[in-house]
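The data blocks that follow each hold one structure.
Each of the next two complexes has chain A plus one more chain, namely chain B in the first and chain C in the second.
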Partner chain A sequence: MSAAIEAASAGVKVLVIDANEKAGGQLFKQIHKFFGSSMHRAGVRGIDIGRELLEKCEELGVEIWLDSLAIGIYDNLRVAVDRKTGFNEHKMILVEPKKIVIATGASENAVRFPGWTLPGVMGAGAAQTMINFHRVLPGKKVLTIGSGNVGLIVSYQLMQAGAEIEGIVEALPKINGYAVHASKLTREGIPIYTGYTVLEAHGKERVSEAVIAKVNPDWSTIPGTEKTIEVDTIAIAAGLKPLTGLAHMAGCQLTFDRFLGGWAPIHNEHMETTVPGIYIAGDSTGVEEANTAIEEGKLAGTAIAASLGYLDEKEADALQEAAWERLKGLREGAHGAERTQAKEHQLHAYAEYMERRGEVG
Partner chain B sequence: MRVESHPVLGKLEEAPMVTITVDGKELKARKGEMILAALLANGIIVNRYTRKRHEPRGLFCGIGQCTDCMMTVNGIPNVRTCITPVEDGMKIEVQDGLGVWRDEN
Partner chain C sequence: MSLSASGVLTTEYLKEIGKYPSEERMKQGPVAVCECVEKIPCNPCESSCPFHAITIGENISELPCVTWGKCTGCGSCIPACSGLAVFVLNKSYSDEVGSVAFPYEYNYTFQVGDVVGAADRSGKRVCDGVIKRIVNTKKADRTTVVTLEVPIAFVDEVRSIYRERRS
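The block that comes next holds the complex of A and B.
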């Protein structure tokens, strides 16, 4: 959305293709105020940022296709789109843009343990979507796996929606997310089991209990420390990984970095991937936050506008520089040093790859 | 169960209701909501049983990626219910294995 807005404000004709019934990605389930990055939108709720972006798109005449899945990118930047036209009705459309921005986001990691497939065991994001977007409660007694910000925030939001949190399990020896989110839960007396993992879940047609146990520093479990907790829901918050399918299929080169969630397409400082004309932004090139995604979108949007001649070079450079400055600020927070380094690796990997390809070609 | 009141989002706005059937039983759903949400609101959490071991499956990702919530809808199997809106008169069935294609018309 942010790439679309930047490009469209410069005069570029933009089409947004979104697989969902609403554009804006996961912002509409983020009802909490953004925190941690004082310089940029701190104190504003995700849903409000989402609304703003949608309004801006409308103002600028950005065309948005909803329920439309980009299923492949072929030679010469041709994109095949599977557009839903009704229940079980689809239409295939070929779109031929001059430039592409891939902003497909990320998907949740699962934790596998005996019983993880039982109904009631779900991604924390799934639980969040149900309560905040669809306004239904997926369960009443919840155990959360993972004490990163997603685990903490979703646990709190499940409480706001009327569920009881039986506990949060964290394999690391300490709470992984911001203290401000954790204390909202501990204040309510919710136990956070640090140094514990989930062993298994029991239940017939739905999870009815979870067994947790203490872990050694090598992650093996300590016999005799098992604890059984009665639950009807287990919410798994074990991190995210970039959704790279479309970029990979288009031939974009990827690198692996654990601080960015795994494999992700490499790019230059304009967010252009190793396939000329294909840009990437947000979690799909490394899991970070909504704010960093918005800035990366701006980089891609202004770069595209400049390369198509809608922005003069000087203007584009200034906009890019400002976005990089803000990104630098955003990457001063949690795991900021690791993320900064990981993003630098991506830039280096891009430069190296392009140089190598130049020599061969 | 529906989240009727919420400290941030406020009261759940009233919506026109439609009627759907789940394995022959009539249920009320909010117009335009996802099938999965309507089922959860009515306490139904098993969407299908697996082909080999007949294990129950339900909501896992909630955004159309994992296919755990597939059901047979109007005779069409493997419909991802978390991203498919209800329509009045929709016939929804808990799916057994890969399901069977049927012409309902």
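The block that comes next holds the complex of A and C.
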């Protein structure tokens, strides 16, 4: 949406396609106040940031197709879309834009253990969608796997929705997310089991108990430390990985980086991938956060407006420079150094790849 | 256990790193404490203070620093903090009791005057307290600020209302 806003405000005609019933992705589930700089609306709840972006899109006349899935990108930037055309009615449509921005976000990593297919075992993101979007409580006694920010925030929101968190299990010896998020939970008496993993889940019709155990530094479990916890839900928050299907299919080059969640398309400083005309932004080019996704979207949007002749180069350069400045600020601090490096690596990989291709071609 | 292993901060640690107001300062009047000791990119507390008593600076990952002398204890920073990590402590109005103001984002039924259990940073019930104030401003955007009066010895420890675990 951020790319759409930048491009549309320069005069570009924009169509947004989203598989959800509402545009805005993750933001509509993020009912907590965001971190970041107050310049970037930190302290504002994610859901309100989403609403603002959506309103801006509507104001600018951006066309939005909801419940519509982009299923493939073919030669010459053609996109096949399974478009919703009515109640329970879909139609396959071929869209032929001049430029494409892929901003498909990320998908949740699974953790496999005996019993992981039992009803009640779900991704933390799914649990969050249920409580904050559909307003259904997935269960009353929840065990969360993973203490990253997603695990901590979703646990907190499950509590706000009326569930009890039976515990948060983290295999590392330390909590992975922000300490302030953890402290919010500990002062409500939520146990955080650092150095523990989930061994298995039991249950007949749905999960009824989980067995956890201490782990050695090499992740092998320590016999005799097993603990059985009565639960009706297990929420897995074991990280996200970029959703790269569309980019991959279009032939965009990817690189692997564990700090960005795995394989992700490489791009230049305008967010253009190795396939000319296809741009990428947000979690789909490396799992980060909403603020960075918004800035990357701005980069892609202004670059597109400039290359289509809607923005003069000077103006576009200034906008891009400002966005990079803000991105730099967002990637500072304890959790940012690795990401900064990984993002630089993507830019290098792009340059190298294009150079190699130039030599061959 | 360390903060990173348990998620529980201690008053001792805050004192050690110079982020806790002195006894003397708390005796003079209400004062804010930012229990935020990990470098994260975040600064709404800084811009929320009408008296410019909180500084983070250009690099938003620096730790917030409260200038105790400038702080009036007004509490504007409590709901502004995304990490729900700012508290206002007051040991100035009595020798027996003091108060702790904290953010609260759950449904509640308690009212001013109610006696409730008071929980420390680990969720343990350490004493009882009396609800003195419940504030919901538009600016606080659905974060309630509760002021709880507790025996003065517990002001440094109490950080929430005790919650009975539901199972």
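Keep in mind that, in the parts below, the second predicted complex is superposed on the first by the 352 of 361 C-alpha atoms of A that agree within 3 Å, B and C clash if a C-alpha of one lies under 4 Å from a C-alpha of the other, contacts with A are read in each partner's own complex, and residues count from 1 in each chain.
Heads up, the rule we're going with is that a contact is a pair of C-beta atoms (placed from the backbone, for glycine too) under 8 Å apart; a residue touches a chain by one contact, two chains touch by 3 or more.
Nothing here was measured: the structure is a model prediction, and the numbers come from that model.
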Per the contact definition in the header, classify A:Glu166: touching chain B only (first), chain C only (second), both, or neither. second
Which partner does A:Arg187 contact after superposing on A: first (chain B), second (chain C), both, neither? second
Return first, second, both or neither, reflecting whether A:Val275 touches chain B, chain C, both chains, or no partner chain. neither
Which of chain B and chain C A:Leu118 touches, first, second, both or neither: first
Between chain B (first) and chain C (second), which, if any, makes contact with A:Ala179: first, second, both or neither? second
Given the touch rule stated above, what does A:Glu230 touch, chain B (first), chain C (second), both, or neither? second
Residue contacts with chain A in the superposition, chain B compared against chain C: C
Touched partner set for A:Met130, first chain B, second chain C, both or neither: first
If you stack the two complexes on chain A, which partner ends up touching A:Gly329: first (chain B), second (chain C), both, or neither? second
Looking at A:Val14 after the superposition, I want to know if it touches chain B, chain C, both of them or none. Which is it: first, second, both, neither? neither
Chain A residues contacted in one complex by chain B, in the other by chain C: 45, 140, 160, 162
Could you pull out which chain A residues touch chain B in their complex? 19-21, 31, 45, 87-88, 107-108, 117-123, 125-127, 129-132, 134-138, 140, 160-162, 204-206
Within the complex, which stretch of chain A touches chain C? 32-38, 42-45, 140-141, 159-160, 162, 164, 166, 173-175, 178-190, 192, 194-195, 230, 329-330, 332-336
Chain A-touching residues of chain C, taken from the complex the two chains share: 2-9, 35-44, 46-48, 59-61, 80-85, 105-107, 119-124, 141-143, 159-160, 163, 165-167
Interface residues, chain B side, partner chain A - complex: 1-3, 6-9, 12, 33-34, 36-37, 40-41, 45-47, 55-65, 68, 73-74, 76, 79, 83-85, 87
